[in-house]
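Can you keep this structure in mind? I'll have questions shortly.
Which chain is which? They are A, B, C, D and E, in the order written, and residues in each are numbered from 1.
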Amino acid sequence: MIVRERENWFKMLFVWKGSVLPAILPRLGALFLVSVGVVYVQGKLFEYKIPLNPAAFTLLGVALAIFLGFRNSASYDRFWEGRKLWGALLIDTRSLTRQAITMSGYTAGSREVLVFVRLLIAFTYALKHQLRKTDPQEDFRRLLPPDLVQQLQNARFKPILLLREMGHWVQTGKETGKIDSITQAAFDHNLNQLSNIVGGCERIASTPIPYTYSVLLHRTVYLYCFLLPFGLVDSIGWMTPLIVVFVAYTFMALDSIVTEIEEPFGTEPNDLALNAISQTIEASLLEMVGQEIPPALRPRKKFILD
Amino acid sequence: MIVRERENWFKMLFVWKGSVLPAILPRLGALFLVSVGVVYVQGKLFEYKIPLNPAAFTLLGVALAIFLGFRNSASYDRFWEGRKLWGALLIDTRSLTRQAITMSGYTAGSREVLVFVRLLIAFTYALKHQLRKTDPQEDFRRLLPPDLVQQLQNARFKPILLLREMGHWVQTGKETGKIDSITQAAFDHNLNQLSNIVGGCERIASTPIPYTYSVLLHRTVYLYCFLLPFGLVDSIGWMTPLIVVFVAYTFMALDSIVTEIEEPFGTEPNDLALNAISQTIEASLLEMVGQEIPPALRPRKKFILD
Amino acid sequence: MIVRERENWFKMLFVWKGSVLPAILPRLGALFLVSVGVVYVQGKLFEYKIPLNPAAFTLLGVALAIFLGFRNSASYDRFWEGRKLWGALLIDTRSLTRQAITMSGYTAGSREVLVFVRLLIAFTYALKHQLRKTDPQEDFRRLLPPDLVQQLQNARFKPILLLREMGHWVQTGKETGKIDSITQAAFDHNLNQLSNIVGGCERIASTPIPYTYSVLLHRTVYLYCFLLPFGLVDSIGWMTPLIVVFVAYTFMALDSIVTEIEEPFGTEPNDLALNAISQTIEASLLEMVGQEIPPALRPRKKFILD
Amino acid sequence: MIVRERENWFKMLFVWKGSVLPAILPRLGALFLVSVGVVYVQGKLFEYKIPLNPAAFTLLGVALAIFLGFRNSASYDRFWEGRKLWGALLIDTRSLTRQAITMSGYTAGSREVLVFVRLLIAFTYALKHQLRKTDPQEDFRRLLPPDLVQQLQNARFKPILLLREMGHWVQTGKETGKIDSITQAAFDHNLNQLSNIVGGCERIASTPIPYTYSVLLHRTVYLYCFLLPFGLVDSIGWMTPLIVVFVAYTFMALDSIVTEIEEPFGTEPNDLALNAISQTIEASLLEMVGQEIPPALRPRKKFILD
Amino acid sequence: MIVRERENWFKMLFVWKGSVLPAILPRLGALFLVSVGVVYVQGKLFEYKIPLNPAAFTLLGVALAIFLGFRNSASYDRFWEGRKLWGALLIDTRSLTRQAITMSGYTAGSREVLVFVRLLIAFTYALKHQLRKTDPQEDFRRLLPPDLVQQLQNARFKPILLLREMGHWVQTGKETGKIDSITQAAFDHNLNQLSNIVGGCERIASTPIPYTYSVLLHRTVYLYCFLLPFGLVDSIGWMTPLIVVFVAYTFMALDSIVTEIEEPFGTEPNDLALNAISQTIEASLLEMVGQEIPPALRPRKKFILD
């Protein structure tokens, strides 16, 4: 996630980091050269004049507007739903911690509560690692007892097994008389929520926007852009390269942003800062049980939280 | 569901598998020939000049944009709601399994828990088979006791009867003192969720977008496309076939994609991978109760999960 | 609801049943004649040339797009919300039946459970009749005891009184020791849902889209269509009637569809098949309690479920 | 709320009551005169020709479409959310009544139940009066005991104090052994819902769409309309006043409708019929407890429910 | 939040306070001067004619419409979700107060209830101060016991620790026999809601709309506006500055509004009136427990609630 301060309106026109310009610059350059060529030959190919005009592009604009508009909102919805799920993770782990402290017979500083809180924190990192396909061992080792780390090593759905452990923790509390049936049901309600969060993230991660849409939009955008110089050269002459690149910049940049945010759990600049959120969760839960909290997360790269 | 890796922007322009191009190619070909004919006769039919121009098509574009935009989002909403329901199925079957292990007097490996988990897995496959109108016998036989298989044979709403069996299982647990009233209510909450999932899927499957919309949109798209050559021939001459086919490609391809995804439970390339999800559910539940899990599902056709 | 199979793309162009064409044909015919007249007099009225051109209609297109787009999605949302409510009815009546069988001391085949299930079925038909303003007596007589039929005869909110009866049924179960407090709360949760469904349907039925919108849209569409021939005659000559009728078809057909679906509980071709859903509910509940289920509903009119 | 029957398509073109035409007629008249003047002077002001054309207005159309489209859907969402909240009020008061009859030790006709039902009805009217800033004394006096009326006289949040009274009623039931803890929780769930309804209505009433939007849209619409004659006079001559007034009618009428419905709790023609809904709630609750219900509400003004 | 009364349609055209005009006036002025210059040189730069026309800008309009439309609705959704969360805060604190009075063994005026209500009020202010990054000490000191104020001084997540205190309050009530398990669960349900509210606000505050969008939109708007004079000068001559400034006003004003409301918790004129809502919550809770309520909040600046 990019965390620049909003500049004043003028400086913002010249932002480089946090813009998609670097990524699409080569394509825009190629298009610029094509446009200059088209102006040079006056829109002719091998002596044949290409008879295009802006009207044809207006007709194409209808389809383009629908595709881009749709893909943009569908991608942003995925991004924002992903963020909501991780917000819910912060919410529910806090609620479970509050329940462990104030609805059981345990006290805030007790060993049992600490075990439970560490399960919650490990669950958070497990989900992050699953979504980013990275190795959770390091985080597991500092948070969980060795035998559980062992047991999780080859598991396919690690966060789910951690949820099961939390269920066992509550059950043990019930068996030792620290938690009654009704309180168990209250815990269970929030464990169901955690299950929702895992499932929701897996859904977003495993089911992209139908591939056929991306292909269709992609083709339409690029064909449109590379035909455009022929459509404009007769009416705006040597301004053609400038306007073509401007139009293409808007379309390609949008195509590029949405490709980033439609998979919100990755590590590209506009993706969600799962790492930062995980650390916030850890800090907040530790504060609740009176433990020292690690220093606030600082962006490792300037402007970017990962 | 198509599971290609996203190519780089250039290769993606020439994707064949996972594009709808193959399906609509004959129609685009026909339209190309018509356009070439129109260019050849200079837009005349039996000596009568057809006096059309792009302005008329701009007016038609308003209606077309509304129809396509609406049908596209309505279809995608159906697709995504279907996916959410199957995501919820994964979530709720896991939650029920967690409840069976950690809120009852049964242990994870006990015969009773296995019976319950098999009911959940059978429920999943039953729903898949109902939505795809295929025969669930094979899956039932490997998961359920023979008398239940028998009883389900001629049933009309099989997943619902399996839900009833789960209710009986919980009731039996209560009668034998393994489950108390409050825990029964917690189970019941998640059984209600499963009921929601069945009903939601049945709703999407049984109530398409009103047929009249499809007819209206379909007619508008095709009439528009086949009139278009006459509107463009005067201004863009021999480029007419190219632009007409380009415009028609965008409209027909969209019409074709949305027709696929508005019935998301089928087996067309862009439909939901119900088979893969069912197998994920089976794997995840078995892992939770400590059973060996079958090897991860591999796509049977290249690029496509069914 | 129209239940045609989706034809291939070519046949679909000539569908008659299930298209709104029959309904708007007279108006389109009138418009065709007006257009022919306008072409004949070359856009003059009593020697005065009407100086219109497509540009004016492009400006009007902005407002038209907003009105049509808005009214279309608002109407479809009402249609789909109505469908969701009836889907929830299927879901909740099944859940209540499951609760009656597996959470009380009654068995599936007992007289008490049958009484309850018949209350649920009667509730379904009562809601259907209330929404369609038809007489529920016939359905009540075959499902309910005579004194209850009597009591409901003059009631104004019949489904609500049936809900109260269900509440009494649960209360009786509690008094006779078949249902405990916690199970009563679980029943109560689903009875609240039924209350939501009744209220939701009443809301849609009693509060249309503000009338002023319909008037505004309607006027804009028709004034637009009948002015259009004057705007096109100079540029497209004798093609004017064809294009005008094509444009008008798209707008009038949409106006016509949305008028049908914005009141989704009626009996027009595109309305919800309340009858079919009610019969599905009846069949599903009877199957759950082991009763014989009536033969599946067959469409009474070809292509149409009512 | 306007409750006209939907006329046939032809009569609907000439509806007067229930259209916003009366309200904006003076402005349209002024614009008509300006347009006639512009035609008369051939688009010149003091010998200076105003050189405008439709193209400039097409560019402005983009912003106008976004503003109008956004403000329209945001306003309608407020209207429809308000309606949903009042629908939920009907639902929840019915559910609470059902609970009072079938989950407590009281009988339907008992004095205690009547007291509770009157609290619910008074709550409904209190909310209506609060939203419309009218005096609830008359309704309170016929429904509540004198000392409670007294106590509410100077209260700032009257519905909330009535909610507290309902809480006390349930508590008293618990203390006298008529209601157990679990049933109290079921009541509490629905009392929370009533709290949601009050808060939701207060939110809509106290937070309009940001004022700056309205100013921006308003200015754009009027500046656009009064510049339009200069843009059209050269191309459509004496038809200018007609087309300008037509375009302006669509924009001003929409501006006018959304201003009405964005504050849905008022008493303008398109606002919600809070009075009618309150009386429906009263009738439905009284019917449930076997009391005589007042005669159905009849519209006091023809076509309009307030 | 701006709280002007809606003026009549004519006066509203000349509103100054509560319009964004002051903020963007310098930029519009600069653009006006540029446009006048372009008219003066007849669209030539150093003897080179800039050959632009409106058609190029129509093509750009497609992208602009998508960007502006998307950013506008995404920002408004954030604003409105923020408002909903603060509405929910009012709702849930009232519900918790009602529960404290009517579901525990405490009476409305008891010291314990007052302690709880003050925790709720302090929670509200703590959230406000966290979101606005201001110092909560003053509010804490008048509401909380000194040792708790001390404990919160260096806490990072203050509202969460207050939530924990509420949990302890309920637990103490349970230990002293004033609150039973079921009532504790009812409290817990609403404490979970408060946790949702904190998390929801933190989510909106910490995750802006991806920065890349803002950069892209911003650039497109300004480049479009400063190129526009060259596109219009040939067709509308000396009217160019007027129309350019009009078009630019609509785009820049929208860009400016959405930048304000997408961070809804700040103190700019169109932001949410968190201060006013906090005081309403305080007043409402105090009224419920029979305490004197502070005088109603009056806007400190004319027209603006902060």
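Definition applied: contacts are C-beta pairs under 8 Å (C-beta built on N, C-alpha and C of every residue); 3 or more make two chains touch, one makes a residue touch a chain.
Chain-to-protein mapping (UniProt): A, B, C, D, E = Bestrophin.
Quick caveat, the model's predicted, so the values are computed rather than measured.
S.K.: Would you kindly state whether over half or under half of the residue numbers at the chain B (Bestrophin)/chain C (Bestrophin) interface are used by both copies, giving same or different?
M.R.: Both copies, chain B (Bestrophin) as well as chain C (Bestrophin), present different residues to each other, with under half of the numbers appearing on both sides.
S.K.: Note the rotational component of the Cα superposition from chain C (Bestrophin) to chain E (Bestrophin), reported as an angle of 0 to 180 degrees in steps of 5.
M.R.: The rotation relating chain C (Bestrophin) to chain E (Bestrophin) comes to 145 degrees.
S.K.: How many angstrom lie between the centres of chain A (Bestrophin) and chain E (Bestrophin), each centre taken as the mean Cα position?
M.R.: Distance between chain centres: 24 Å.
S.K.: Taking each chain's centre as the mean position of its Cα atoms, how many Å separate chain B (Bestrophin) from chain D (Bestrophin)?
M.R.: Once rounded, the distance between the two centres reads 38 Å.
S.K.: Please output the residue numbers of chain C (Bestrophin) that touch at least 2 other chains, ranges allowed.
M.R.: Answer for chain C (Bestrophin), listing residues that touch two or more other chains: 58, 64-65, 69, 182, 185, 189.
S.K.: Indicate which of the five shapes (line, ring, star, complete, other) describes how the chains touch one another.
M.R.: Shape = ring; chains linked end to end, path closes on itself.
S.K.: Counting contacts the way the document defines them, list the chains around the ring, chain A (Bestrophin) then chain B (Bestrophin) and the rest.
M.R.: Starting at chain A (Bestrophin) and heading to chain B (Bestrophin) first, the ring runs A, B, C, D, E.
S.K.: Applying the document's contact rule, which stretches of chain A (Bestrophin) touch chain E (Bestrophin) when the two form their complex?
M.R.: Chain A (Bestrophin) residues touching chain E (Bestrophin): 1-2, 4, 6, 9, 12-13, 15, 18-20, 54, 57-58, 61, 64-65, 68-69, 72-73, 76, 79, 83-84, 87-88, 90-92, 94-95, 98-99, 101-103, 180, 182-183, 185-186, 189-190, 228, 232, 235-239, 243, 246-247, 250-251, 253-254, 257, 261, 269-270, 272, 283-284, 287-288, 293, 296.
S.K.: Applying the document's contact rule, which stretches of chain C (Bestrophin) touch chain D (Bestrophin) when the two form their complex?
M.R.: 27, 50-53, 55-56, 58-60, 62-67, 69-70, 74, 155-157, 160-161, 163-164, 167-168, 170-171, 181-182, 184-185, 188-189, 191-192, 195-196, 198-200, 202-203, 207, 210-216, 218-220, 222-223, 227, 259
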